[in-house]
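My questions will all concern the structure given below.
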Amino acid sequence: MSEETKKTKIGYYPGCAITKCSTSEEYGTSVLGVSRVIGPELVEIDDWNCCGASSGHATNHKLSTALSVRNISLAEKDGYDEVLAPCPMCSQRLIVSQDDVEKDEKLREEVEDAIEMPISNNVKVSNYLEIVKNYSMDEIAEKQKKKPEGLKVASYYGCLLVRPPKILKFDDPEDPKTMDEIVTAIGAEAVDWEFKTSCCGGGFTLSRTDVVVKLTNDILEGAADAGANAIAVACPMCHANLDMKQNNIEKETGRRFNIPIVYISELIGLALGLNPKDLGMDKHFIDTGSVINAFSNIEK
Amino acid sequence: MSKAEAKPENQFEPKIIAFLCNWCTYAGADLAGTGRKEYQANVRIIKLPCTGGIDPLFLIKAFERGADGILVSGCHPGDCHYNSGNYHARRRWNVFRPLLEFCGINPDRIQFSWISAAEGGKWVETINGIVDAVRELGPFESYQKLNTIGPETSGGAADASSETG
Amino acid sequence: MSKKIGVFVCHCGTNISATVDVEKVAEEAKKNNPGVSYTTTYKYMCSDPGQKLLRDKIKEEGLDGVVVAACSPKMHEHTFRNASKKAGMNPYHVEISNLREQCSWVHPDKPTGTEKSVDLVRMMTEKTRKDKSLNPIKVPVTKRALVIGGGIAGIQAALDIADAGHEVIMVEREASIGGHMAQLSETFPTLDCSQCIMTPKMVELAQNENITLYTWSEIEAVDGYLGNFDVKIRKKARSVDLDLCTGCSSCWQVCPSKKIKSEFDMGLGKRTAIYIPFPQAIPSKPVLDREHCLLFKDARKKNIPPNDSKVCRKCLDICPIAPVKAIDYTQEDEIITEKIGAIVVATGYKELDDISMYGEYGGGKYKDVITGLQFERLASASGPSEGEIQRPSDGKVPEIIVFIQCVGSRDPAKGCSYCSKTCCMYTAKHTMLYKHKVHHGHAYVFYIDIRCPGKGYEEFSLRAIEEEGATYLRGRVSRVYKKGDKLVVLGADTLTGSVVEIEADMVVLASAMKAQDDAEKFAQKLSIQYDKDKFFSEIHPKLKPVESSSAGIFLAGTCQGPKDIPETVAQAGAAASKVLALLSADELEREPVVAKVDRLPAPIFSTCIGCFYCQRVCPYGAIESEDIKARDGSTIKTVARVNEGLCQGCGLCAATCRSKSVELAGFNDEQVYAEINSVEFN
Amino acid sequence: MIEELRKKAEELLKNGTVKVVFGYGEGSVPERTRPVFITKPEDVNKLTWNKYCVYNLTTYLKRQETRKLGKPALILKGCDARTIIVLLKECQIKREDVYIIGVTCDGVGDPLAEKCKACDVHTPLIYDDLVGEKRENKEVPFEERYAELDEYEKLEEKDKWEFWQKQFEKCIKCYACSNICPLCFCDRCIVEKNQPQWIDPSAHPRGNLSWNVTRAYHLAGRCINCEECQRVCPVDIPLNLLNKKLAKEAEKSFDYRPGYNIDDELAMSTYKEDDDEDFFK
Amino acid sequence: MKIKITTKELTSDFAKEVKERSGIDVKKCYQCGKCTAGCPVAYEMDYMPNQIIRFVQIGARKQALTSRTIWLCASCITCTTRCPKEVKIAELMDVLREMALEEGVANPMEKDITTFHEAFLNSVKKHGRISECGMIMEYKRKRPKAALKSALQDLSDGSHLMLKGKLSLAPHSIKGKDSIKRIFEKLG
């Protein structure tokens, strides 16, 4: 297994939000840091561009499809069978766009014309949870150095990892389990809660802060009520909203949650004994000290 | 109606003969009728109890007579009114179809399908599909133009079945 | 030799004549066709005057062949054949051109439809020319009926048939008859107790001398045909000798396995391993559930015969029957064969119980999200809570209860597009039962449409709202999630255009009526057809609602589609009357559409060469071999022969025969040839 | 080997096991042989065996005039013996009514007949007596057995059509092909049926296709590739290509080869629930 | 509200137009309201999601395209996921937004949102990727009021981000940014 895994080379599509010097670079940093230890090898796709994210598909379907598909064609040109897009906004856009051009011959032709590349659509786009589950579970067990104690994690998947389920075909859209499995694998407690796939308000961070505050409040409340002392995420948008809005919530409702929001990759990194700083854990709004400190060396 | 209006002048209208089983596809075609589902009028149905009762001779004869295309359709596997008729039929077509193809007959001219009594919609799709496909292929002229009179016999000796196609 | 053929073109009101020029069709039929000696058109050929016209013209014009260009032969072929027979013409000289379903209804362009119609009429005219006179085949009838399924449909049908003096065999796969109706608490729209009206019927059935009851039994195979079925029944090992057992209850009282989920109580109550499903069960004798019985579990684990296990023999030990005990661990499945004349299929439905497909409702995850049938058991006096409405999780009486309609119904995304028909009414009933038992509680119902087209149904559902105070909200629920010990129901009220959030104590899903899990396999066993939802198909949705696609097999109740009790009972009665009509004759006439191997004068005798491919392909074993003997008794030739009694007329043999020595009557070579030959090609 | 054959024949005729021996005799020229029907022990010297013994003697099993001669012994090559298995399965003969003198064979014809190129029955699979040294029946790969078809299957549709039309045009409907075929044993061939006349008995291009396709189809799952039809065709239509194509399809789709196993189900009278149906819509 | 239907409305089949553009068949919707029930933003909307579908069904083009709802949809796809009739509601919102922009009838009350989308795509067009700073600047310039509304937040969020070295002032441009421009020219 490990021989195989090491050889597996996967195209890496960071997307704008988690690439270096972006708002959520710690996600990217930790994903790459972790993959260096447990594989698979990630190689950044040359000259990738923004997938258009929510603004693209919200206002111009063809444009957003072309922006997304260009990246897939680039990956194919580079010879990858599989691409990791850790940001679910990106992975969802890439997969849905693949599906759109697959089903609509006319759209495919227009897009091929615009991106000036052929579309053969043979690349599988994966989200981060899939990659960990498919390639690295054994490696985690093998290479784990630290184990958390008393860490109760609410796994928060948000919208775009699981929806639309008919196209993404990833996990149970109402009660996904993959992240919980990873959380459990590293020795933390995965709490059963009700808001795994509730919406945090996504792209309304800037334009409709009020909406985001209300929705994140519901989610944080759900996690707190379920007894979680940390929320694990795999999406930079979810992270930003849950992490940054806790102050606003306090101002509006008076309730201070102070729940650290950590990327699942950061949790894996901690378990592997990586330096929290290298994982970017100092870049969070809500202090992650409680999570970091929950980990201690495994005695072997 | 819009279809009829849009029809170009002198468009080739193929003649398709459909051999259907009584229980599934014939009933499916009836259902399309009951549902007033419009489709192209190029098909002439010959009803038999079961696809298992269709001798390849029928198909050969239909082509010989001048059919541009043939459809054979019956119950889905497992649904045959006679338990296994469609399975036997499927076996026949498994060898017969490649034989015709080997002789240079375009396989699109002879299509097979399973259409149940409940699949009026599929009937319409199938018919429109084969009519469009055969229209695209054009008339089966290479066959129809073959002489029905032998090299050595004069016209008088030809039998009754040799009407001009 | 040549036939005189009459062509009758039907207008079908305007159904045909609106898009087909019927006059032209009639005219063209005669043109260049010396065989056609008479043509006419008529408004409704199937009407009495239409049939009279047909009869009169056959006589007046001396017709010996008739083409009726009308609707599908599935509609009126029979009508016109009968009419012709009355006029003295062989009914099999009648052919139908299907102008309505194949032309007028599907080709709105009149010239196109007319051109095709002319073709269709010509095809049938040419076929008719080759029609041979056929005479119905007579087969004797076994005067005994089989009823499969012992729910209310089966019971009603069995009683009706038995009361008319015929023998009935009932096969029920559960340990007791009664079916779903025995599980219900009260029934709409009268609110009378279901068991109170059901159990007398069950007793009546048990006491009826004409009825043989096999419970804990299943149909293994059905062979034969209308009037002469051979049915194999598997009597599953019950481990209890029904003749010896008195139903004294000692065994199930001592059984130590007491925690098995009761199927009858929809998993809400418990039962023992040796058990009767419910107190009024018939037969009131137990069955041993070998899967859960300690003794059988032990035997399986050790891989020894059950009788050798000594883990637990409490039921056997306590059984008071002597000298031979009524309990027998060594019993095995037994296959019995019965001769049957007609069959009623009344195998019922299955409630959608895999509610985990509704993850958004917490189906299968939250104990207090239950199905409609589970609520019936909760509300039933004989149920696990003796009629108290209690939450399965903690026994608390729910003060706010939410009913969600259309769960598994009208939901194509979950693979079920149809309406289950009964849920609107039973949900209204549930709100009333709830309100009668929990006066201070409140019931909310999320619905899409309230469908109550039965007698007294509209009034009943309005009563739930107006008098019993249920609050109906028009909208589907999107999500149910747990918050503390409450269930938060996230729904909508589309009438006010708002999202509605209810903190409920209990949620009842009005779950769909689905076909039985094994419906498909069962249908194949009986060679009957089923629809996309696996409900068995009637042969005509309006005019033959209880006839299955196999002659002599009739459908009753919910195996054919969702329906309520009155409808089920009515259909069962209808199926019974069809059976009685069949059994009232000593002989049946069968369509003479059978195969025949040719016989010719000596020295050929038959063109059959005896390769017996036909025998190999025949699904009915209807092909026999016959030795053609010379005077001295020596065999000249061995050829195939069709047993007309067994032949079902599929034509497989004819298509397989290389020399075309076997042909199917009604679809013989000349007829098919004539049809192909008569199509006018470009 | 010839001596052995003659001895065997003599013995069988003498002890009354058979009434006649169907064998090969010398022809008018050395490159030819002809069928001989030996009824008297003293005539056994007419029997011969050489590489010119191309044809399949089982065809005489269906003929009245040779049937009348009484129980026969047949000298059969491995390929010819496959016919016996088919005939047995199709109830045309009873095993006890024929005596099979199998001959092992390394190929016939000069040049070597096409059918011998991929032979896997050098030693017959069924016989009562075997003459000649036993050979190993080595399996020949599927592709090799049907290699002859490749160049025709590769043709464009139009070229296929033209090729076959050119061939069928030549057909004079002499029916030599079906007369010689040991498996065309119908008392009344479909072409002789005139009510209705499915196949036009007179030769013309349109009807010729019908006849040739039907003849081939009637051999689907049955033809044992003796190539006799093609050999006797006076206008040299490569009829065996059609037979071979069907054999290939039957083997590909049903994993069936006729004449190898007396206990199998005949390909065209059985089915499997998972038979291929990719071409169905 | 009054929905007026005249021959003008009758000749343009709005539902058909939507279907041709997107393949979404709103006729399948039987108005059960499950989309509304599960919508996280419904409470802010002027019309419920099912009502938007209804507008399309009955040809009330103006009401659908000028609604705030279409802009408030967060594209969380819960509605599409749970729709019993498999109507792609979230995707329908995309199409309606696209049409509203094309026809210039987007609801001015949600200008904050449309401007955000504009700023976002402008950044992509220019650099091939998002320049977060540039995008935020453009947005703030165009929507000063929105900026004011969350001025305090800006101070804390934005400066914090910059402090932590996460928000770069220099735009990330890709090599192939010309090819991105051409995509925008062809399809934008």
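Couple of notes before you dig in:
For clarity, chains are labelled A, B, C, D and E in written order, and residue numbers in each chain start from 1.
Operating definition for what follows: a contact is a pair of C-beta atoms (placed from the backbone, for glycine too) under 8 Å apart; a residue touches a chain by one contact, two chains touch by 3 or more.
All values derive from a computational prediction rather than experimental measurement.
Common neighbours of subunit A and subunit B under the contact definition above: C. Comparing per-chain C-alpha centres with the mean over every protein C-alpha atom, the closest match is chain C. Taking each chain's centre as the mean of its C-alpha atoms, the one that lies farthest from the centre of subunit A is D. As a whole-number value, the distance joining the C-alpha centres of subunit A and subunit C reads 51 Å.
The centroid of the Cα atoms in subunit A and the matching centroid in subunit D are 69 Å apart.
Centre-to-centre, using mean CA coordinates, subunit D is 75 Å away from subunit E.
Subunit B has residues 57, 61, 78, 84, 88, 92, 161 in contact with two or more other chains.
Counting partner chains per residue, subunit E shows two or more touched chains at residues 43, 78. Multi-chain contact residues, meaning those touching two or more other chains, occur in subunit C at positions 360, 617, 656, 660, 673, 677.
By the document's touch criterion, interfaces exist between A-C, A-E, B-C, B-D, C-D, C-E. Only residues 30-39, 42-43, 47-48, 50-51, 78, 82-86 of subunit E touch subunit C when the two sit together in their complex. Residues of subunit C that touch subunit A in their complex: 359-360, 365, 481-484. Interface residues of subunit A facing subunit C in the complex, by the touch rule stated above, are 172-175, 194-195, 225. The residues of subunit C lying in touch with subunit E in their complex are 360, 406, 410-414, 448, 474-479, 490-494, 497-500. Those residues of subunit B that touch subunit D in the shared complex are 56-57, 60-61, 64, 77-78, 84, 87-88, 90-107, 111-114, 126, 129, 142-143, 146-153, 157-159, 161-162.
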